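Next come two complexes built around subunit A: one with subunit B, the other with subunit C.
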Partner chain A sequence: MRNSSAAIPTIRAVLRRPPVAMVLASVYILGTGALVAGTPRSLPFFLLFIGSLLLLYYLQLPAWFKAVGMGVTLALLMPFFGTRNGFYMEVATQVGIFVALALGLNIVVGLAGLLDLGYVAFYAVGAYTWAIFGSGQLLKSWPQLSGIFPLGGGSPTGTAWFFVFLLVAVAVAAITGLLLGLPVLRLRGDYLAIVTLGFGEMIRVLANNLDHPLNFTNGPIGITPIARPPIGPIQWALGALGIEATPAQIYPVYFYFIVLLVVGIVITVTNRFKNSHIGRAWEAIREDEPAAIAMGVPLVRMKLLAFAAGASFAGAMGVLFSAKQFFINPESFTFLESIGVLTMIILGGMGSIPGAILGATGVTILNLQILKQFSLTLNDWKNAGVTILGYNLANLPPQLEPAKYERMVFGVILVLMMIFRPQGIIPSRRRKMEFEEAALEKEEFAAEVVDTVEPKAE
Partner chain B sequence: MEWDILIRIFPQVLVDGVTLGFVYALIALGYTMVYGVLEMINFAHSEIFVMGAFVGAEVLLIMQASGALGSIPALPLLVIVLAAGMAAAGGLAVAVERVAYRPLRGAPRLVPLISAIGVSFFLQDAIRLTESLWRNAFFLTYPTIAFFDERIRLVATVDISVKSLTLIAVSILMLVGLSLFVGRTKLGKAIRAVAEDQATAGLMGINVNGMISLTFLIGGMMGGAAGALFGVQYGTINPYTGFIPGIKAFTAAVLGGIGNIPGAMLGGVVLGLLESFAASYMSLLSGGAFGAEYKDIFAFSMLILILIFRPRGLLGEVVREKL
Partner chain C sequence: MAIFEAHGVTKRFGGLVAVNQVEFALDEGMIASIIGPNGAGKTTLFNVFTGVYRPEEGSVRFDGHELIGLRADQITTLGMCRTFQNIRLFGNMTVLENILVGMHSRLKLSAVDALLRTRRFAQVERAALERAQEILRLIGLQGKGDELSKNLAYGDQRRLEIGRALASEPKLLLLDEPTAGMSPTEARTLMRFLRKLRTDLSLTILLIEHNMRVVMGVSERVTVLDYGLKIAEGTPEHVQRDARVIEAYLGTRKVASG
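Here is the complex of A and B:
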């Protein structure tokens, strides 16, 4: 890097100066923001705007400026664009949900090194916890319960029980994580992966079939309507400001802010975990389990804690998801979702918090926006009869729906990342150090030992 | 409780279970051979199986469209379908190994597993894409062949269709052939040597990469045959058909002792029987509260229980832990 022309270090050095970086970041945020505000349907501009978060992360800026920049971008500009184009709010909320899921899985897979292929089970547990209690579902089998709040749910102005159940679901999901963790403690590596996969499928099959003999989950039909968080205080506050807004206008922004808040909490918790003795214990287990035991890491407790912590994030997000969607069924909690979340953290970098955030954002936007946009564009071309390389697109068969090929996207990302950059786009600092150290050790080893001993995996 | 119903359906459930079990056994071979040699779960094996099923379906559908289907006798037809399915699946398995697993050899264990999951997902949609472009449909139905649908009466209340019988016969033939190949031939010995110790086998002049490719080829061919037979037996397939049979075949491989070829066969048949009985009897015994829809849960619970209490399976040797 350093050996290229002298101009590059100079530009870097200039960028390192805080005032220059600050101006640059502000101009970028406001500039892309203006572009999005001017053309609220443009996808490239929206992506550029999202890129400002990356810019804030990579530029050398004082911490307070980063905080203000992120705050302005996420808490002011984003909801503002959301009110102009509701789809952005939907995308941003989904991204937030997946960021939290990715951070949760990142604890289990990235930090503790336990490959969990059934992570979506905990998300399902959270979602069903609220869906069953926050809707009329239980009244179908037990009408005598009808007086008890929040059963019966469905009030248009929402219920404060939502927040209670956010905590309840965290606990329920964490307990489910412990229940999964206990029997699989002895398993390692790929066997653990298959067992967690089976566990994820079991939860989905249960959700699909627990509509008889007693109706808990309403089977494949799913549960609706699911109660939402209370809107009263928001309406009152907006009314005090003289703004008239219907629930349909308020809820998307409201959910966005709840998700933002929860994601903030999740990031803080993950950070605290990572930089504590618990995080170091997890990483020790990941790198070398026997050595970790020898150094006195309480293996059982640490592994269970990893499962419980990861699961609890998913539980909270499940509650948010079910309330936001108004409707859930088992189709939302398939193996595909688990692999989607895994793809996010592999892409970003296992064990890396910014990596997980970047991966979740990238993959979600790819799925929600880019694939759909591509599908729509292709359809337009097809209807217009555009010819590419001598092939008339009007001949494309109607079964071909490019938006449905998310598996292919996940597959390509996973294989390419594993082959070319297994540490991810933003590797965690410790991982990077480990890679460098390993390379260094290899050199020293080769210099000392002339005897060719093939270094074996593990 | 109507005990006589339970007894009356018993032979039929047994026959169905054995048929299903041999499908699992054929798929399980692919998992167990690759695990034996590379110690990795070839997660994409379920798509290799689906590949065989799709190629078999395409061969039959194209023949049907050209009118050749009626004029060819059933047995040569079966040979053609099996050969096509096996060739395609075997080739695909070798290609997958070359592209997605070989560059990762020697990496930490989870790395090739994640790559395999990626391949699996990619192949599912690749098959869907190809079929959508080619046929504008990705749910395919095997053309019915009258000969295979005939039923042979075994005893008064039990009959078995010719296709099930064919499936069982072909499977047994292949399993015996494979056992002989791995156990008695020089190439088989070379594969076993590579499984034992790659470095030493290499020093002895064995082409390690070649043997690994051969392992994938054989496993893939068995999977492809299973796919074609599965299609003939059960009729409809789609690109995502392979997932559940794949997981169950893996369960069968673990049940029999992973890396162990006779174990995979035994595990397959045992799992098929257990599942068949669970599916038929659970509903009867619980008065309809829990029915066949829980058979997947049953199989997964089996997997978890085996891995916890007897990870080496029925026939497996004690797994040594490499450090």
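Here is the complex of A and C:
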């Protein structure tokens, strides 16, 4: 007992020494990187590699080292592995998209305390903003515009209009956020949740039905092909370096870097808002609305700002999503998608920026890779006729198809999380304090009870 | 000189007249109290003054501005700030953050300043933090800035509420039953503190009290409400002897003797 308690702090103390931690982190990143490079198809190695970001976050390291470490991991190693196994690039890009969505929703729900169940609507608004103008969609109703649309002339090498619309969509989504915000200013809690849910559905139904009398969205069939960002400069730069690459090779990495850049901006914006008078005003509104107003917080302006800021992130990601997918239809923007993003911030820790990032990463990887892998493995076992506890999996009835367990396992994970770590994986400083103090109070109370029951020995 | 004036204020809830044609004025630098039995309309009057309710009739003027029609946050910006009868701190925010929220209307910053981290942002935030520490010292909560406000002891929470209101740099401080739940000794300490605040910060203070004894020592003028009507006004000594006040608090002679 004595030995271990003495040994543990020393190990910890050694780990806290920056040079040791730096070497450790570098070895870990490069080691797991080498493993992934060696076996690009291995999921466990990939997860270990992703874990290096967590390691960088948790170890006590100088800020410059963390920045360099994350830079190397995200901007060098990740795209390098992406060229070996294209699926990683897809996963990483999707993770980035969901990180931005989670951070946007985190402002509205986590900071300002406005439960928004229709968040995906803003994502849809962004996606359709680019899809309508970045494709030949408008020609279906206005053939005379054929000289103008699609923007960039439908060039297979993309168009710079993409970047213009990245900004346009931010504005359009922010305005949509204001439009939603205005009528729900007086609503709170359950009522707000229901109205936002309805709003989310409205946007989807609108996308589904706005194909007549004038065809804007092409209804359930969806819009394709959607123009992509310009590839010319990239090809030229690669050519100058003597690298030959086809657009099909370039685009996944290209999208990854755009997403990385936008996520970087989103994290900065969220951080700056959170650690300012605006973040404090949002949290005050979440805590006690009447008191916040009485203290001089302009409620209307602050709530609208929260809605607009949250929505604008989703708008930008919508543009990226539609260009990346080449095709969108209303099916991508269902209620389940809103709930998915909400799950990410609840799992990660409400109101916490690292929490939202980790939650989005975890849930996306879980959905895209781990659970897929899980059901594929089960399926393999089934096909191979593996016997578990005397039961031959080949006899499974079709109702118990392994693919159907994916959602169930996800649900079980959610329930377990809520039981054992309700504050989320990386709770915000405040929520952490709340939960810890509640536990402490319990302990203190127990100690008091013991003190009063047992007479003290002299 | 009257810094605050209310004329003919009437607030109805359906058929109930909660505040009825109340005339009220405050001179700059005075400590005044509104007292009355439970349900007399004290808090309703407070809510009318601070923009929570809009009265059916009457006008309320503060420092040359008409307040009727203004939002509560605009009224705070003009220099009136209040506390609440049942403490309404931002429980899951730290003590320091509570104070900083109180300063919101005084921070001349826009969202753009926060986004671009302008030099002005750094200056204003630093000044705000320093000022918040000063306020913590003033209310005797120094060193507790990082605690969650909901974990403070009851008396500390009451003081933090006053501190949070002071952070908005009010000229007129309105306190809704600040001694509720306090022992007589604690209440006396608080009253001494208020008197000190008044001189140090050249404040005007308006108290609402249910308990008559608490405010008698500190108030220069006492207004008594009963059933929404102003039934007496004057110095504490004068009000204490007023027959209608005694009746309102103790009931009619018949009930009292019977």
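Simple rule for what comes next: the second predicted complex is superposed on the first by the 399 of 458 C-alpha atoms of A that agree within 3 Å, B and C clash if a C-alpha of one lies under 4 Å from a C-alpha of the other, contacts with A are read in each partner's own complex, and residues count from 1 in each chain.
Note that a residue touches a chain if its C-beta (ideal position, glycine included) is under 8 Å from a C-beta of that chain, and two chains touch if they have at least 3 such contacts.
Every value quoted in this text rests on a predicted model; they were computed, and no experiment measured them.
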item: Subunit B versus subunit C as contact partner of A:186, first or second or both or neither; value: first
item: First (subunit B), second (subunit C), both or neither touched by A:206; value: first
item: Touching partner for A:273 - first (subunit B), second (subunit C), both, neither; value: second
item: Which superposed partner A:299 touches (first subunit B, second subunit C, both, neither); value: second
item: Of subunit C and subunit B, partner touching more subunit A residues; value: B
item: Which of subunit B and subunit C A:372 touches, first, second, both or neither; value: neither
item: First, second, both or neither for A:66, with subunit B first and subunit C second; value: neither
item: Partner chain in contact with A:290 - subunit B first, subunit C second, else both or neither; value: both
item: Partner chain(s) touched by A:398 [first = subunit B, second = subunit C, both, neither]; value: first
item: Common ground on subunit A, meaning residues reached by subunit C in one complex and by subunit B in the other; value: 290
item: Partner subunit C, residues of subunit A touching it in the complex; value: 269, 272-273, 276-278, 280-281, 283-284, 287-288, 290-299, 305, 430-431, 433-434, 437
item: Residues on subunit C engaged by subunit A in the complex (per definition of touch); value: 50, 52, 71-73, 76-77, 81-82, 84, 88-94, 97, 100-107, 109, 111, 114-115, 117, 121, 125, 128, 148, 151, 164-165, 167-168
item: Subunit B partner contacts - residues on subunit A that touch it in the complex; value: 113, 115, 117, 183-184, 186-187, 189-191, 193-195, 197-199, 201-202, 205-206, 208-209, 212-213, 290, 335, 339, 342, 346, 396-400, 404-405, 407-408, 410-415, 418-419, 422, 454, 456-458
item: Touching residues on subunit B, where the partner in the complex is subunit A; value: 40-41, 99-100, 103-104, 106-115, 117-126, 128-129, 132-133, 135-138, 199, 243, 247, 250, 254, 288-289, 293-294, 296-297, 300-301, 303-304, 307-308, 311, 322-323
